[in-house]
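Two complexes follow with chain A in common, the first pairing it with chain B and the second with chain C.
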Partner chain A sequence: MSDSVLAIEGVAKSFGANQVLANVCFSIRKGEIVGLLGPNGCGKSTLLNLISGVFPADAGTLAFQGENMTGQSMDHIARRGLVRTFQLPSMPRRMTVAELLHGAAARGAGFGSLFRRDASEMAEIDGLLDELALSHVRYLPAASLSGGQKKLLSIALALRASPRMICLDEPTAGVHPNLRHHMVGLLRRINASGITLLIVEHDMHFIRELCSRCVVMDRGAVIADCKPSELTSNEQVVEAYLGNARQKRAMA
Partner chain B sequence: MFQFLVDVLMRACDLMLVAIGMSAVYSLMKFPNIALVQYAATGGILAIVLQKIGAPVAVAIVFAVVLTGLVAVILNEFLFNRMLKIGSSTAMIGSLAVSLVFSAAFLVTVGPNPSRFRLPVSKPIRILDARITEPQLVSFAIVAVALGVFALLYFRTDLGRCMRATSTNEVLADATGINTARMKTIIVLISGVMAALGGVAIALKGEVDIQIGMDLLLPVFASAILGGLGNPFGAVAGALLISLVETVVTTINFGPLMGQVVVFLPVAYASAISFLLLVAALLWRPRGLFVSEVKRV
Partner chain C sequence: MSDFIIHVTIMSGLYALLALSLNLQAGLGGLMNFGQIALFACGTYGAAIAFHFDFGAVSGFVLAVLAAALLGWAFASVGRNLQADYWGIVTLALAEVIRIIATNEDWLTGGAQGIGGIPPLYAGLDGQTRQLVILATVLLLVLAAGLFCRHLIGGRYGLSIKIMREEPQLAASLGYDTIALKRQLMAVSSVLAAVSGFLFAHYVSFVGPEQIDSSETFLIWAMIVVGGLGNNAGAIVGAFLLQFTFAFIPFVKDWIGLPSEYVAAGRLLLTGGGLIAFILFRQSGIVPERVGGRRYV
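After this line comes the complex of A and B, so read on.
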């Protein structure tokens, strides 16, 4: 697959005796919006942590745009354009939202913008804050935001890091339905600008609306890789999600 | 009265830069590096030695400060970074050990006798009844400029923003592509330079002996903790407070309280005061005087 952006091959990870991922293989093509689903404890978050370099994989390779990222540091991976958001990010107490957004794109490369700021950069940040309904809190300390707002800020930070691909960790959990609808539009626009998206999500409506493809995991392995519409007809998926309920019904 | 203010300011200048360095390093490295007080001593002593060898004062100071910054980076790279992998308490104890090694090294190389810069003797200037010497003014200027430059860097540059982002949530900073390892090296370099400048500022005002570093430890630590470890500009306020109390205690005439004409506390009591303040801070304001109310889960 020559147009694959992210190629995951034979990835495994254990925490002590607990094998969380075993031989996970799939790849994501450029421009796709892929949903990553699975019951709690199936290894979604661990996979996301491996992809973004929070910790290294025990086995297997992760390649981003043809470059082997296995064992690379998190900031290196992010600078190559593979960034992620956090589900419950803790934000700085002594930095405002706007400051944080300015810093995120700068990466400490230079002393630039000592006093004056680039007008286009300001406009970009304004637009981003508008889009994520964060304009009114831009001069507040980032730590004072609500959980949902922090999640939005996490997305904004990811966008500021000039990404080629973003991995979103449950972007809609705890977000108001209106804003969720808004977020679908935002993510579509982000995607239309050429950024590939991998979305870890429990909300099926959100996935159906947005994703062209779904990867479903259960107990550390990929059990399905299909269109969202095909999910309900997939035996294994239904088993993984509803297995218990079914058994109970059968026994009743 | 104005003399009193000058005394407070001068004492605060002694502590301020080292305390800022300690707080700044803590904010990124997550351990209080005790060796910083010895970096201050190194800066001061090295500058004096270089001047003795024949370098002009300004050159001696610049060289001493830069060299000390490099020493800070090297020690961090080879010692503290490795100790931090074991734990922050290990690194802190390690930095105490390094400080003792510094003391021994000073004893071997420069000996136990105090030394000072060779400066032209000038008459003190009188400003509003207070006597201020020229070296005191220079030393004050050095501290003020260092403080200003650091504030600009910390609050107004992208570098500063990235350092602050790294200090609060390293993983989040990593995730946006900030090179957090480089940020740490830079803050270590800055703290080494600041501490060395602090040492030079002390040396300019009088004699320096090899105990200067360890003498600084308690008041600097108290300043950094009062300001809230990890909040560099809180440490400025901490240093001012410590100096104020030290100066009050050593300049007040306790005579009338004790039915005598004149009773001044010996200067040695000044360090007891910073110790008391440190204990009080640890008991009642362990996160510093400026706890921001912004803490939300």
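After this line comes the complex of A and C, so read on.
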């Protein structure tokens, strides 16, 4: 376990009487691409929110690179290198894509950077825009981008925050299939540069193509932790995903 | 007549400093501060209290700046868990608390009578020369403050503040401590307001609680809304436009032949009416905020 980047132990979370997560345990090793799967309402997004510090866990610990992050604020966790994207990224109306990318690097952007020029960063941002096929929209207000472009932009923003690990919340939702293929390549390259990835996703093809490992959740608990190719032979996973279909067939 | 115009220009300049300060908070940072006049009060009372207790003008300036920075910091701290609109109400209330303290703590602030006889600026000079030198000082300060604000808004710091203004969760997810950003921004912009207050106190030689009425805050708001929220040039244009319009209301009144009690009403009508007209018909103001600065094109 010494090479684990993110260790989740016994994490629980309730909203009022609704227990969303109960005793979730798993860890992610450095350099892995892990898919986080499960039916709607199984607690994936809540887990992502706990990991990134949107709200604190009721119980259990979250450790990132050996540092206990339980109860830490979102910005603290992000500064330590654990950065996330959002399922429905909301972008500023009165900032262009280029401005947003410039501003996204929080490290060294504090009050001390007041008199620093940033021409040297132009090359990095140009490269990112090229890679994500966003060069032609760089002068547009970020909020005016399409849903798919916002997804791509949010990956670029996460990269600007010098991450060690990125948690992606449904990166392909609303993205054109051609672009989806492009995104697989992009995420592989990001991973090859040493960044660990945790991907919440519904698209099985995407997961199979990209991930080395899958964590499957159902009703707030981890029910499987295996290779993507083993998913279909796991009875619990099949039950969680197809249970409803079977019941319907039985009732018919 | 020329003395009068010089006076109005000086007052416009002092208001321009206040408007630049509020523009940093509201235009750049999206912080709906309705207690701006309390930060101005730190400047006026800093000067007045230092004079009252014989500390000297330099310590008065230091006192004014420190008090304002501290109050700005406190404003931002109070608001850290509040939504923008509720925070605005809190700032309005805090500014009123400060005005009431200024009205009642006679030993410190002179109470309702205020503190008079504050030594004027450039006391060695006389008459119109003195007025002109004050005018030059104020205009230079407005220029310097405008350049400083432009630098702040145009640089990386301004970009991080804009992300915080529009998408606070995105800012936090990128590693920005949004509360720290708000505190810094409030503290820095408060200093501008305090400089304006300090100069005002020494210019008119009198400081009293009626100068820091909450309606003054809304006058400054009207200036930046009319000028263009988020644009420094807009803040300066708005301040001069409103001050000059107000200054010439009495002449218009004479020209139309209205009684003098209509002057104050005319001012209110223009502030309120102008504000409503701009919010309805030109929300971005005379000089709108620029999206996509030259530096990032």
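Simple rule for what comes next: the second predicted complex is superposed on the first by the 231 of 252 C-alpha atoms of A that agree within 3 Å, B and C clash if a C-alpha of one lies under 4 Å from a C-alpha of the other, contacts with A are read in each partner's own complex, and residues count from 1 in each chain.
Here is the rule we use: a contact is a pair of C-beta atoms (placed from the backbone, for glycine too) under 8 Å apart; a residue touches a chain by one contact, two chains touch by 3 or more.
A quick note: this is a predicted structure, and the numbers were derived from the prediction, not measured.
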With the two complexes superposed on chain A, say which partner A:Arg79 touches: chain B (first), chain C (second), both, or neither. both
Go through the superposed model and pick first if A:Ser90 touches only chain B, second if only chain C, both, or neither. both
Under the stated touch criterion, which partner chain does A:Arg160 make contact with: chain B (first), chain C (second), both, or neither? both
Mind working out whether A:Ala98 is in touch with chain B, chain C, both or neither, as first, second, both or neither? second
Once the structures are superposed on A, label A:Tyr139 by its partner contacts, choosing first (chain B), second (chain C), both or neither. second
Dual-contact residues of chain A (chain B, chain C) 52, 54, 73-75, 78-79, 83-86, 89-95, 99-100, 102-104, 106-107, 109-111, 113-115, 141, 157-158, 160-161
In the complex of these two chains, what residues of chain B are touching chain A? 152-153, 156-159, 161-165, 167-169, 171-183, 186, 231, 292, 294-296
Chain B-touching residues of chain A, taken from the complex the two chains share: 52-54, 73-75, 78-79, 83-86, 89-95, 99-100, 102-104, 106-115, 141, 143-146, 154, 157-158, 160-161
Enumerate the contact residues on chain A facing chain C in the complex. 52, 54, 73-76, 78-79, 83-86, 89-96, 98-100, 102-107, 109-111, 113-116, 118, 139, 141, 157-158, 160-161
Listed in rising order, chain C residues that touch chain A in their complex are 151-152, 155-157, 159-160, 162-163, 165-167, 169-178, 184, 230, 289, 291-293, 295-297
